[in-house]
């Protein structure tokens, strides 16, 4: 079991989700984050106060997958999230020791198999 | 001059002025948060640029003597517009009242082109449009122009304001083209409570718009007022029922839209028809707009906030039904509609609508093309992606300050620095 | 007719109409965001359904000749309600002014039953209630009914509007039962600034409500106006001091509540008592409502936004104190309270309150049970969990569009598709 | 008495009262969300404490007979302030109108000291200030005091309201010292749409402020009204152009600020100058405030929401230009400015400004020091860090309820518990 | 040391927190997320635009625990977060290499022991 | 490769970011979270409802770094995020199996090297 953590552009989220669904990934969790990387900073001004905003909006996806599923999942993200401009984001693959499905208290493998 | 008429017209003018911030809120709630400020600023800018333009030139072109087509420049820079009476109120107050109409009309157009137009060119567009499209059309209908001579009935601006703005909106949406995400991604309203509050404030302001168009605190104002209450109420009822019957769920955005459609539809009719007719008119007006909204979303036309469906159709239905339902018993003998003996009325009304559409569309196209010669109208794809708030205004609507690094200015030169706090209170916790 | 009275009543009517969107904001801020639209729509719907119902039937039942108990149907569909004078203003304007009262009264009730009632049955309830509970009670007090004959003093609706709405609220809360999370989880206001702004707008509108009830721009209106400013100011001061003395911290929700309580309390008294009495009345009215709010939260009564504590108690205190503090020197000789020589007054006032509670409670119970025969009143547990915005309205108040997948409609049939943009501006970055 | 004047003054008073909630929104949007309620409450509290203080003492000190320096206490507790005419309106209405001015003036000061002052001491400060600083200054200019005798022109309070508030703001900011994060971290507005809406509502209310200062529905009101529309429009245009020329981006916060600056500047001039002069005045007034805002941020002066730059400079420019641009032809022969033959005017105006600053600064300093003797004025560093909403008001502006654990009160004692729901509807899903 | 990451229903958060406190878990971090799994999609309509919302609101908990504490922690969550309907969420247990308490710069074990 | 996850006070974020930049950390992702630890609870009152808020606002940073970079990164955070009062937060160091840079599909090491 692995946890695939991906940081992507918010405007690419739609495509990423579609691509993941096509890759048969059925479960995932996302949320808004802000990232700093090689992107240009934005300058904003509020009355006399000028600020550099050096964090950009991103979306973080967290996907628990069984080992043989890691590759297609990563590929699906890489294919759909790329624009080629600085700021496309990163993918981290983390080891997972155990997974539970809360509804059934099933463990591991079984926990991330779709319900159907 | 009549003191009471002055009292009412002062209030009415303030109410109409409030409609523009209300519209900013209404529109602002419907866009994505990354464009909320830009959308609101498209309305607020009108308060400045169209307001000043009106005082300098617009009023004269609209209400100066001139000919059947255009006022002259004899009233430019408000020359000769003073405290002497015009009707029963000071001339200046009349000019101010009309000014608020110009402001809101231009602001209405912005709904069709939100989330993609560069702000500089937009400012040029709105200033020119207020002078060269709005003022002439106002002259035609209210300034003694040819439509007035034909006998068009437009109590408070169904044609001058709403049909006019909608035609401009259609052209502007076509010239600018759809947003990059249009029909590709879901573009959802970021703050529906703002839109509801905006609709509430618009309704409130609209009492000034319609009942103020009686230009005095008289029976005609009372009639217009009452109709401005009943027609949108009827539209709202029908809209909610349509929603319920179609999907089983009555949407709040729909309710806000229904209110505006009812208000638009009753605008030309307000002082001409009976209250019962106003209810009917409001109810009927719901249908075309309701279905046009659904239909528009299936096309490639990115009239983003549906100015055409709400103001164009609402205004047209209102204008035509005014020609049908007007009753001499209610409007002090001014005019009767087709149902009450003057079938010709409807044709005049239709002619007015067609003329307004043609003129407004042509003028809008010309102005946009002209402005486009000097600077690109559209924000770049990347700017659109980031949002116009950051790219056009250098701000965000809602910030939490995370990751914002203060750019420390060079400290003020020695000597001008201010003394340290006089007090020892600081940090007393 | 008097022009100046018309001017003022036009404004007053617009102000009262604005109170309903203001209430929507006030209530909307106090609920959880997943129910924000539903809560606001409960008020907005009243603008449509009660507004139309009033024109068709309600006005006639309330103000038609009829008998001591109910008006007749001679004014149904606004028959005979035209521009002829009623007092010093057009009859139609009077009807419109009264219409806004019906609208806000019904909307007030919704505060007791937010976050759990299905929207369809709610629409049925509010329409029926506006006609069968509000209109008769208005007739009793203002339409020449038996309470009027008894000599009840209710300047702007302490009994007709506030006590009435509160009794209905209590019954509705009991009939519907508490929310599933009530007293189990913390249910917190999602947007207190909305609530504060709502309170501000309510205050603003309430000037129309109270001073408009003088039905003209006269000294009585001036008195009512001034009292409507001073009483809530006093309530606000006392409320803040109570908060400070109890917990050391003055809450903003409390301030907003205190303002409303003061406004409610002064409503029946506005044109009858001296300004100093109004300050006293406002200050006194803070106490029962303040402690009732605290006490209610310890019970099983889920009067969610405390309509009973704010409007019921506030209205009752106001009604009784009107019977104590009324002064002939201030109200043009209309009536004196117990303190100024007519102790009987208080009893009449109490009778009015009791009658209103009994009638309103009974009527509300009957209507809810009737509607409940046709459809369940309550949303299911799961719907309540998800929130009524999604389940009743198919919308969310605040979306960011994440994970929203556009359901592409079938493209519009060939031929009706709109031309591609006329311009090459697009994507010029 | 004149009915029409009453009608207008009722409305004008309501409009000015609305300005305080509008200011709360304007200011509230500009602070961080953790201080949003505290900032709004700083304005709302004024509605209560200053309102009641005015009725009890303030009005008498300002408009009671007295001497050149202060009114006496003959009108305390509104003694002798009744429905008899004062000019053409009831005396009481005049007092109410003036009350709203006191309320908003005190609220304005709060902008300089947001996000750091303890709420209890603030309440003491605002109550005392309304009585001991505002009332005397109002007496000097409008109550027959020495500045009135000198012939100062202050149509609606450029000096009494804006310069006065700004001087107090400056002193308060210095006495309290800067926020702990000031000039260290970026402190950004949490809700710019609120600020824009606040500006829109302020503009709306300001029509009552300026045109209401004519105290009747007459030509002077019409002139003041029109100028209140044109001057801020001009300021807005100039502000946007300054923004564009400096950074290429027109900020929304800037637009909101520009509107307020224009409104402030036209306040003393509204009924004295021609509309064209008003446009000029509005345009000119943009410059000092615009650059002062930029400059202030480079200093150590934490006048957090720039009350000095907006109200102080705007008010001063307005006061001086009133002395330059006043025209007898427009103000019914009341006064002419330097440009129209009375150069001495400017000196009187300047004297008024200087006197107001001196008196207000001194009085503010004294009151703050006095209050500071009894309790620390400033929140502790940790409280500032957590935010004043939680620490002063025990609330948050926006909650989602996560991790909120309901503190279950002891259940209400047996017998008083309410019956369980009467219905079986619950949980019908 | 492990990091227990749990995705639960927001309406269950109260119970989960209570259950965790009872299990003597003293430190944790949470935030709102949106999840996709086997839940039904919601359809929403905004004027002519109809959308399927296929993400539901969830809350993500992150709890650093020492090894022998993993079991009771997981159990506490499983017990309190279950409704039995699809959408109850998942628990992931990740390995952690090091933990620091920022206040004291203490490491590992010591870093997650309650203060008292 | 490691993933450094830090929970810090929001008011300290500015300093932490600065300190990280000085330590040459160029990429990171943050978001708002709420934490429970040894901090005092806040009591809030809304009309008759009194609640204890036992979660405080925090910011979570997530930083992917190569192994030898872990130490300076942790140090930079420890140095800048401390106030000494209860509630300063935690740092977790998690093992990472793979990293991808989406823009280029580069893996591991290369994926977290600054662009320049």
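In order of appearance the chains are A, B, C, D, E and F, and numbering begins at 1 in each one.
Note that a contact is a pair of C-beta atoms (placed from the backbone, for glycine too) under 8 Å apart; a residue touches a chain by one contact, two chains touch by 3 or more.
Quick caveat, the model's predicted, so the values are computed rather than measured.
K.L.:
Quick one: which chains contact chain A and chain E both?
P.N.:
B, C, D, F
K.L.:
Higher C-beta contact count, A-F or C-E?
P.N.:
A-F
K.L.:
Based only on mean CA positions, could you tell me how far chain A sits from chain D in angstrom?
P.N.:
Measuring from centre to centre gives 49 Å for this pair.
K.L.:
How far is the middle of chain E from the middle of chain F, if each middle is the mean of its Cα atoms, in Å?
P.N.:
One centre to the other, that is 17 Å.
K.L.:
Two-or-more-chain contact residues of chain E, please, as numbers and ranges.
P.N.:
If we look for residues of chain E contacting two or more partner chains, we find 14, 17, 30-32, 34, 36, 44-46, 48-49, 51, 55, 94-95.
K.L.:
Could you say which residues in chain C touch two or more other chains, in rising order?
P.N.:
2-4, 7-8, 11, 185-189, 191, 217, 247, 249, 251, 253, 295, 297-298, 394-396, 400, 402-406, 409
K.L.:
Chain touch graph shape: choose line, ring, star, complete or other and state it.
P.N.:
Shape of the chain contacts: complete, all pairs touching.
K.L.:
Spell out the part of chain D that touches chain A in their complex, as residue ranges.
P.N.:
Spelled out, the residues of chain D in touch with chain A are 186-189, 247, 249, 251, 253-254, 257, 293-298, 306.
K.L.:
Applying the document's contact rule, which stretches of chain E touch chain D when the two form their complex?
P.N.:
10, 13-14, 17, 30, 32, 59
K.L.:
Name, in rising order, each residue of chain A that touches chain F in their complex.
P.N.:
Contact set of chain A toward chain F: 2, 5-8, 31-38, 55, 58, 60, 74, 77-78, 81-95.
K.L.:
List the residues on chain C that touch chain A in their complex, please.
P.N.:
400, 402-403, 405
K.L.:
Which positions of chain E touch chain B when the two form their complex?
P.N.:
Touching chain B from chain E are residues 44-49, 51.
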